[in-house]
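Every chain is named by a letter (A, B, C, D and E) in the order it is written, and numbering of its residues begins at 1.
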């Protein structure tokens, strides 16, 4: 957002588009800033999001998929929303080419609590498309300047099919590294799939990460969350040590427009990251 | 400092203010009074109980243009709308409504990211509060006493005005108000009797009773948290609710808005427009999911927002008891009664 | 004036009987509001709720509005005045409710008043009718001998206006609109969710309360209610800024009646005129 | 400069649009003020299209369909007739000049009728002058 | 954003003469999202098409706008170019600047500026176009023919002979229909049974035909290519698999029913075969008159049946039949003339209707072919009254078409079989058909008397009890005629079957004013209906004679064949669909669709559109108040955008 006015987006340019999945409805957009000052001001942490803004179409809040350790650009992985009536902004974005300019407002929201995570073992659990800010966090922690600040890192990531896994190159690279334990699973493999098959909750049960000095960071579709949380409770993770990211319809992204509240909290400013302990104090209904 | 002017000479005062800047004052429309920018000083009309729409639109207009853009042109060519405000005079605001600005200030002008539009408008404005006419009976919908506000409460006004027979007494309350009043040289100074009348009027305002219940902020907040999942209660109190946006639009403390782009012939404007939590599409996500599909959920959101969430977030109830939501509700849903009933539940 | 006390007594009596017998699970009627001029629509669900039921000259609300809120198959008793009963008939025609699930408590009235102005509003809103068109139980004596006023009489003044003056009139009126959508929400026939105006694809009009969007919203809404508006006047009564929407609806209703020979909500077996045609329709209607 | 109205036409694919093509094939001359949107059937026309056309600045709006009874989709234009009749009444009661909206049934063989209607309608709209009432003023 | 290519055609001088084409291309290149804009002499020529194809690749175009002649001319041509270049063919927009611009003006300024406006509209529209794919569905190769009269028999045989499987559904216990009741057929006077029964037998013998007599269709689901039809097999109480048609049961049966086949002129048994040549030639039990069913005992038939074929426990059963196309050939009824009391039918024994007379002539009929009155006497004077109930504004306006001819046939047969005087009371004689006029002349020569005037009344002859009087105005002489006769033959209107409304609802057919099934187009599609895959043949469409019926049946068979001969079929791509999230359940779409494509899902409370039935007219989208229906290729957004583009300049 512009310095003087949080409602005015800053201009960015698409420098790279990566088609992530074989269904062609999830793409990663890499943006570079048109103004150097904007780039300097765009300081963010993993877990934050921004409003991608296309004039004439509107704005859409999207989690930042790159890590602050990636300098010079910022990445967003965007799913084309809506099956019957496509989302205005996301489908317009998907129709853009490299070189196109759009607007950006952010960084917005809180982040994964880096301070809190420091010196702890981190269990990252992701499902499907909701892996984007987890990727940001993982890359942040894996960066050579940061790796030492964190304990063991375990990643459990699942998608419905091999073709629907995001960031396939990075997944492969993590598997080769020694300082991260990465378990990739798919609900149903294909001929070429050599990896694990099975649903994320079952895999979590299988892997059984220790709760000792550990924080679980979980993002995924509601159904995955629903069945994964009991696994972590059973493993004796406390509510404080299970973190997740919420989604609500947002407009302003800066806590003013009044629509993304869960109880007295605004998802856009008090969130999107909450621990289960935070959520416990909030109504379960909206 | 106290000054006065004859009510029938208000237009002269209005003309002076219009010279100094933008005057926003009540005018009589077919259906009642409303605040409007004054272009003809004769139109200012203080013979009203309260306006239909609250004066919040002076700072938070129904539509606020952010930026003008052209389709197919580089984004950097989009032009942000600059306000270029002249000094603004918000004239004839009832004490309960004045109070609403203080509540809205927390949201727009103090907590978190500052809203530049609200701030600029607010800073440019001098508020002329205006005591209720104590000689007339109170509207049965009002309940600002419950929120600790009185009919002749000068708190929050820069200049406070009281009607004395055919005259209007104006007293500077804040520095800004006092300074402005001193600059209004065309109106005469008040006499000692006027001063006395003014002070007594303020005091008498405390005896001018609206509906009242003893409302402890923490108690009601807690109570609403407790009964949040009492669907029977919420279904019952919302059984008549139409889920229209009247209550939120007339409300002086409702601030929800939508941001939308309006394009025609390749040129467009991004702007914010009032929105209402009572509308079904308010929380409708692009995926088609909507966490609040039921009328009771939306009414619960509205009441909780005012009497619970806002207290938790900003430490103050977001309601001034002006009675508009009750008065203009097509089915006479009364937030006061709901709160009363909630406490009893 | 109708005998409101008597009607209230009968309303309570019937509501009690129906709820006790389990014939219905909810009785849609009125309860007292924050003052006596402001009764509220009320859903009595148990015998204990019956004491709250009231009926007086300010009970204008069209209770048919609430029918679609209850799940299909719910047995509902609903208090219906003349216009309300037409709304029920229209809803049955449109298959939103089923006749067999409804018990219609007919209320013949005259002398209904606007709570804001105290003005008697029969002629504006009840299509010249005092007695319900359809009912199962009548809660008061049928009203006869009232001066018959054509529901369309109020239009004469506007029809006589010069087109430019009429344009000015409507533009000024519709420019007042704050897009609170109370009109559509109060309307028993406006049951779309989402409403066309809320759509983002296509965006029929700007969301801001300014002339073009207001025009598009209201003109289209007049069209959507063509041949369906049952002239209860709830749109105007609900409007916080008093736009006389009922005038426009009346005009469209009048035209539809003249062109298609059928008024909305008068006969159960009718079909809504704009999703119907007759081979003998003539091109005259396009002139 | 003389007033050259912008007229929006919506024509059904099977009759009026084809009729307009025939007018061209037979080299009938008519004014160039009409701009036609092709839809499959006159029944496709949503009343809001008409309102929108006037908002976009159309000085006149013309709808063309098959003759009643000849609809390619059997009964489409019979519904359209009723709907458009109501649209017309609404526009008129709102205060728009009655002559600005016109519905004509023009078959695929009536190229000459198409040309005549355009001729006549254009002249009529010229006579009425620019449409300023519903047009969105920017 | 889109990458649009604009291609402006000169069409030689056809366009270039009154539209500045290069200026138009230049203008296009300034519009947002247009990445390439060119003009060319003949865009539809091979080099023109190649240029477009190259530019699609080179500029990675995702939308193509051809600014040329009418889309009705070359839309298909250019769609193929897109498809060949790997672009969805629906991403094409044609701007018609020839038929609707250059050919209708001489003014190049006007022409150019209108062309610009049209092009701009196309650009606005093109941006919002979506790729569409037509769904391909499997086609069931079987056909159902409903109605076992001559039309149904003919259609079934034609289809079966091509090797296709046919289900022939007949509601009576035998096929044959009305034609089986006739004695002779006009004008050739060949015996009806002689030409029909071999066909009936062929049906029975044909392995490709599943004959389903005593059956009725109760539910039709699905759509063209994939109908799923429920057929009710009414209980016959005789196991036809066991029955060897020995007929012993019929001899012993004490029950008495009234023979429908003989037009109630005689009685039949409770266990019966309608007529000796019935197909199948196996009896059924009429429950209404069977002694066992009425009184609880008898079962004589069961006792005498060596095959043990009698089954009193039999119940109605339901059979599911899946077919790709349906031919409806359900025939007609004669108008019930009893309400026309002035003609005394049902009151005076001497008044007969046409079908009764057919039976009187028939050697297998109640009188063994002798023309006798109900009292057994031979009539001396016979009046044949034309147009009873038809060509009559008070009853049926239509002409029943065959009455003139069969009335002439009756006259001839009366002359042949009796010595009676025969009078024809007619409005005019309609003898349009091969050999018909000749037959008319022949009958005239046979001394049949023609009185031009519609009979007004048939009355009791008070002078001669038992005889009748026919009253009419002879419009030639202008005199009032009062003719004493022994026998009156009415030629009643041919009307739709009493259950035709139910059938129409079942098959989603429209009916005309009289109630006959409506064809899709009176001239060009007389056998098709508005329901794709359902065809009509014979008198259920309108009254006609046997040759026409047979011709129609053959035609309908051919039409059905065009559908089932392919194993796949492509559905319309530009269909409508419902966005369930926006559907408010008003059901307007269901009410208006001429094809019955939308239906209402009461569980989800939303409408659903069967794309196989949708023809893409967009009517549903226009009546949808909440804009929930997406009319593909003509969506609200697309139309609105095009309008905006057209109005911009």
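By definition in this document, a residue touches a chain if its C-beta (ideal position, glycine included) is under 8 Å from a C-beta of that chain, and two chains touch if they have at least 3 such contacts.
All values reported here derive from a predicted model rather than from experimental measurement.
Enquirer: What is the graph distance from chain D to chain E, where chains are linked when they touch?
Expert: Each step joins two touching chains, and the minimum needed here is 1.
Enquirer: Listed by label, which chains are in contact with chain A and with chain E?
Expert: B, C
Enquirer: List every chain that touches both chain A and chain D.
Expert: Chains touching both chain A and chain D: B, C, E.
Enquirer: Taking each chain's centre as the mean of its Cα atoms, which chain lies farthest from chain B?
Expert: The chain farthest from chain B, judged by C-alpha centres, is E.
Enquirer: With centres defined as the mean of C-alpha atoms, identify the chain lying farthest from chain D.
Expert: A
Enquirer: When I count C-beta pairs in contact, which pair ends up with more: B-D or C-D?
Expert: Most C-beta pairs in contact, of the two: C-D.
Enquirer: Counting in whole Å, what is the centre-to-centre distance of chain B and chain E, each centre being its mean C-alpha position?
Expert: It comes to 69 Å between the two C-alpha centres.
Enquirer: Go ahead and note the Å separation of the Cα centroids belonging to chain C and chain E.
Expert: Spacing between the chain centres: roughly 44 Å.
Enquirer: Centroid of chain B to centroid of chain C, CA atoms only: how many Å?
Expert: Using C-alpha averages as centres, the distance is 32 Å.
Enquirer: Just curious, how far off is chain B from chain A if you go by their C-alpha centres, in Å?
Expert: 39
Enquirer: Please set out, as single numbers or ranges, the residues of chain E touching at least two other chains.
Expert: Answer for chain E, listing residues that touch two or more other chains: 1, 581-582, 592, 623, 636, 640, 644.
Enquirer: Give the residues of chain B that touch two or more other chains, as numbers and ranges in rising order.
Expert: Only 71, 258, 260, 264, 284, 288 qualify.
Enquirer: Listing for chain C: what residues touch at least two other chains?
Expert: 193-194, 196, 201, 204, 274-276, 279 - these are the residues of chain C that touch more than one other chain.
Enquirer: Following the definition at the start, I'd like every touching pair of chains, please.
Expert: Those chain pairs satisfying the definition are A-B, A-C, A-E, B-C, B-D, B-E, C-D, C-E, D-E.
Enquirer: Which stretch or stretches of chain A touch chain B in the complex?
Expert: 2, 4-9, 11, 34, 55-60, 81-82, 87, 90, 101-103, 247-249, 251-252, 254-259, 261, 263-265, 269, 283-286
Enquirer: Any idea which chain E residues touch chain D in the complex?
Expert: Touch residues, chain E against chain D: 70-73, 96, 98-101, 103-107, 110-111, 113-114, 117-118, 121, 510, 520, 530, 574, 592, 594, 615-619, 621-623, 631, 634, 636, 639-640, 642-644, 646-647.
Enquirer: Can you check the complex and tell me which residues of chain A touch chain C?
Expert: So the residues of chain A in touch with chain C come to 85-86, 88.
Enquirer: For chain C, which residues count as touching chain A in their complex?
Expert: Against chain A, the touching part of chain C is residues 200-201.
Enquirer: Show which residues of chain B lie in contact with chain A when the two form their complex.
Expert: Of all residues in chain B, those touching chain A are 66-67, 69, 71, 74-76, 78, 80, 107-108, 111-116, 225, 228-229, 255-261, 263, 268, 270, 272, 275, 277, 282-288, 291-292, 297, 301, 304-305, 308-313.
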